[in-house]
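Two complexes are shown next, each including chain A; its partner changes from chain B in the first to chain C in the second.
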Partner chain A sequence: MKRIKREISYFVFLIPSLLLFVFCIAYPFISGIQLAFTDWDGISRTYNYVGFDNFIKLLSDRNVVQPIKTTVIYGVGVTALNNVLALFLAVTLSKKLKGKAFFKTSFFVPLAISAVLASFVWKYIDSNMLSALFGHSLLGKRETVLLGIILISLWNNLGSNVMIYMAGITGISKDYEEAAMIDGANGRQRFFHITVPMLMPSFTICITLTLTASLREFGTVLAATGGGPAGSSQTVAILIYDYMFKYSRAGYAQAISLVFMFFLVIIGLVLTKFFRSKEVEA
Partner chain B sequence: MKRKVLAAVLACAMVFSMTACGGKKGSEETIKSEDVSNEEGEQVTLEFINGSAEEQYVAWLDEVIEGFEKENPNIKIEIQKTSIDSFNQTVMTRFAAGDVPDLFSFSANDMADMVPSGYVQDLSDSSNLENYSEGMLDSFTKDGKVYALPIANDFMCVNYNKTAFEEAGIKEVPDTWSEFMEACEKLQKKGIVPIASGFSEQWVVNGTSQTVYCASVLAKDGPTLAQMVDRSSKFAETEQWKDFYKKMQEMYPFMNEDQFGTDQNTCYSMLANAEAGMILNGTWTVTNAVAMNPDAEMGIFALPLSENEEENIMPMCPPESAVAVAAESPHRDEAVKFLEYMMSSESASLYAEKGAGIPIVKDVDTSNLTGAFKDAAEIMNSGEVKVISSKSFPSANEDAFINDVSGFFLDGCKDIDGALKTMDTDFDNLVK
Partner chain C sequence: MKENRVGILSKIALAVMTVIFLFPFLICILMAVKSKQETSKAILSLPKSIHWENFTVAIEKAKILLSMKNSIIITVCSVIIILLVASTAAYAIGRRYHKRFYRFYETLLVGSMMLPFQVIMVPVYRMYKDLNLLDTRVGAVIMISGMAIAYSTVMMIGFVRGIPIELEEAAEMEGAGRFRIFFTVIFPLLKPILATVATLQFLAVWNEFNVSILLLQDEAIKTIPMQQYVFFGAYGADYNTAFAAAVIAMIPVVLIFLVLQKQVVAGMTAGAVKG
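On to the complex of A and B.
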């Protein structure tokens, strides 16, 4: 009896955040699902149910091909570059280094800047400085626009992954490293056989979160290029936004976003499961 | 045990304080939307969602509101500023939620969605309708009823810097296409960018295209844009659209480098400081350029696409933007009263004086206008204007159009036939 009472008192602490979650996220989400089966235009107070029409239309929509390509390239590119760079910086910063605090702070500061502001700053740099350097701005060309946006996103978001990796590295006991050194393992061997396996929990978090977040990318792209030039940087999130607010086809937009969310959940689950299976007990 | 009970109580208190907060906010909102009219008898506050953030417009609006509030001490006007990007979203959400503003900026595009939904007040009885010339309210009229009143009209033209033209030795505004090309060459020789294009913003691609197709298609008896959208006309089979691309191709060498990496603000500043000669876009370009350099001497002229001088008169659509009253507003009469005051001839004169734009209300005193406003007033007075059908595609087609024209430019303006074909395929795909 006493135990039950104690456990109930634990649950009481959950109530505030649970209420927030239910009313701000779960309820609106669930009540919005039905819109995917309607022809709602986003403004009128009535709409008709059209069954699976929106989903069938989606299968033959030529407009979604380019955004899917862009999203995948962008998502994979950002995830790979972000994690490799973050890991490199984390390992470097974990060593004894002069001015370590300064570098740590400078990698972390851009994180405090919103995606929109970062895009504006970089747009300016791009059209005034990078264009002088390369003879052409990165964002103004179909071939390089994604690279430009990836750069902005890297600069903006790198800090959080650096921090997570650094925390992970700090958590690895020095004993392993020392033991390996005594056994004659060189730096590279120590990195791949001690640091990397011991960091698996950090990989799980960083890679999964970076990938799902970058696949959903909206703000940076919208502020930097609005999907241009010639639609070459339009992501799925922007496509959904266009259908929802610009083309007044909210029902269809909801259908795309449901399918999109389904894929994101699958990707997230698979990745987490994969990395969890690689994690080692310390 | 005691501590646990205390913890539970505290947690509950936290939850309640949260809900209490929420409740309070809600009731405040209801008071605001119903206003204080019930308590004091006549004090009314009208909410006006304004989508235009242009400095001169805001300055004019402030002065109009001041004048109106002086005449009607019981009515207060409260402006809600919304950036143009989130404007549709804000207004749409407010209407869908039933939390309607009293007055709101209204675009001709909204006619199709908002009028059938019954959100917009019918203004057909207003005495202000007499102040507009024939055809100027067409874009806000449906089944013989008028739903919104405009103050000014923007049209697509060549916006130029008179100083830059003088420096390049261009004495007269070009009247024919060959004169126009000659002017471009003269500017380029002087090291001045002939045509500044900030294509990194998609609306600019559209604006420049509109300037060209208003003159090459709509003013030359080509098919209307609606005919292109419903596919009764094809781009590839229309001589005027072929001409549109041809003119773009001929102008391309005279544009700045890296158009898609340049934003329009940079172009405004180039134009204002005579580093660029022209911008092909709406008349608002002048206002924006003057804001960058108040001493800039600006002017406008019709893009002369034809070799025949007489054909090159200013094409003009009925206005696109106006202000409307919400049919569901609890203070509809007061809102209409303010709208009528806002669109009166006196306010229109003030509008021109403030340099906010070119008023289309009759009896406007244009004597103290200068620069481009004078050019515009002279065009208006001379009546050398060709009224054309709507210059705007529906937004889905517009985006496809912008993408295709951008693609044409990015590929160096080479393949006209290919561009026409792409446009046809994309427009075909949009027919549901």
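On to the complex of A and C.
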């Protein structure tokens, strides 16, 4: 009796969390699986079950090909540039340097700015200054629009990966560096044979998180271009939103989102597994 | 010799990147205090005098006071709920870590962090429509909090487990109930992690976009990012006013960020270690 009472006294603490989790995530998720098999238009109160129709349609839907390409290019582009730049900054900022706090803050502050605001400011810079520099605005042209959005995302989000890489570098014992220096290893050798392998846990996190976050990017793209010009920057996340609110095909949008989620989870798991296998015991 | 060249080059690159990263802030301030005529002559020139009227016009046209109020209410309520719900759940999970049920729930929380928002967007919209929660602050607070508890709870579990159980047992011997133990013994000891989670969630909720664009479409209920999304679209041509609005929206969050930067760094890197 006393043991049960004790168990209950702990369980009570979990109840608010369980309620919120069920209401905000579990129930919508499960009812979403159901909605994917309907023709719900997003407006009316009723809908019909259509079996696997939505998924079959998806296989032959030409409208999804371009968004998938766009999403992959954007995701890989952001991930590659973000991590290369963040690693460079983290290494540089981990050395002795005058005004280090100032430099760090300049890369961290954009994290406080919303995607909407970041997009607005860069849109202005793009159409009034970059256009003079490149001869055309980056966001206004099909060929360069993704590059433009990638730049906005880099400015907005680079700081968090810089923080994580810097924490990783701080965690590497100075003994390894010193031992390698005594053995006559130069800067590049030390970077590739000590820093990089020892940073594998940071790579696991930064690369996996940046890729999965950028593949589902929504706010920055919507605020910067809305998917334009002529649909050239429409990502899968925007496509789902458009099917829901513009074309009133909520059931179909839900089917796309389930398939989308399936691929995101697989990519996340495979990447984590790959990088974990490369991690070395310190 | 070569070592040196790499060092100099990386310092130049650092300086260039710093300028690029600070440039948008410079543009914002410059544009916000200039007149339209001055801007059309040269974007980067300094104004003859500071045009404060841009700010008053912006406050009026962009409905900044209204959206500021909405943002403050939604952010404060959400952050308080997140802290309470996540810390109580982390306490239960951390203290019952040997029980399968609590471990399973932890796994569910971690798994839910991998879900893209799009997958619950349509069903949440339908559920909110049925419950008449669309365009309500309460509805937004519930959904924003619900989506943030997984991450916040997972960050706190390890911290709870690090608190020696003996501290609780002493209070238990004196006849204190579970609630008193939690609020007098555990909660105060969680302060560092609570501060970190509060800072990260403050920034996340203040800038929240996905839930807001789905659930808050009514003019009177819009938060700052939502209001800006509309305003920047409608007043795109009147850049000086738009930038004045941007600066007003930026000031509180940038100030708080600068003051709490240590917490942000701690949070980002601690959350990362958990991965």
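Points to keep in mind about this one:
Rule of thumb we're sticking to: the second predicted complex is superposed on the first by the 260 of 282 C-alpha atoms of A that agree within 3 Å, B and C clash if a C-alpha of one lies under 4 Å from a C-alpha of the other, contacts with A are read in each partner's own complex, and residues count from 1 in each chain.
The working rule: a residue touches a chain if its C-beta (ideal position, glycine included) is under 8 Å from a C-beta of that chain, and two chains touch if they have at least 3 such contacts.
If you're wondering where the values come from, they're calculated on a predicted model, not measured in any experiment.
With both structures placed on the common chain, the touch criterion links A:G42 to chain B and to chain C. Once chain A of one complex is fitted onto chain A of the other, the partner contacts of A:S31 are limited to chain C, with no touch recorded for chain B.
Using the contact criterion defined above for the overlaid structures, shared-chain residue A:P16 touches chain B and also reaches chain C. In the superposed model, A:F192 lies in contact with neither chain B nor chain C. Between chain B and chain C, C touches the greater number of residues of chain A. Contacts of A:S248 after superposition on the shared chain: chain B is touched, whereas chain C is not.
By the touch criterion defined above, A:F274 reaches neither chain B nor chain C. Residue contacts after overlaying the shared chain place A:L139 against chain B, while chain C stays out of touching range.
The residues of chain A shared by its contacts with chain B and with chain C are 9, 12-13, 16, 42. If you check the complex, the residues on chain C that touch chain A are 2-3, 6, 10-11, 13-14, 17-18, 20-25, 27-28, 31, 43, 84-86, 88-89, 91-93, 95-96, 102, 105, 108-109, 112, 114-127, 142-143, 145-147, 149-150, 153, 177-178, 182, 203, 206-207, 209-210, 213, 224-225, 228-229, 232, 239, 242-243, 246, 249-250, 253-254, 256-258, 261, 264-265, 268-269, 272-273, 275. For chain B in complex with chain A, the touching residues are 4-5, 7-8, 11-12, 14-15, 18, 88-89, 92, 95-96, 113-114, 116-117, 199-202, 205, 258-263, 266, 395-396, 399, 402-404, 406-407, 410, 429. Those residues of chain A whose C-beta lies close enough to touch chain B in the complex are 5-6, 9, 12-13, 15-16, 19, 41-45, 62-63, 123, 126-127, 131, 136-142, 225-231, 242, 245-248. Every residue of chain A that touches chain C in the complex is listed here, in rising order: 9-14, 16-18, 20-21, 23-29, 31-32, 35, 40, 42, 85, 88-89, 91-93, 97, 103, 105-118, 120-122, 124-125, 128-129, 155, 160, 163-164, 167, 186-188, 201-202, 204-206, 208-209, 212, 216, 218-219, 222-223, 236-237, 240-241, 244, 250, 253-254, 257-258, 260-261, 264-265, 268, 272.
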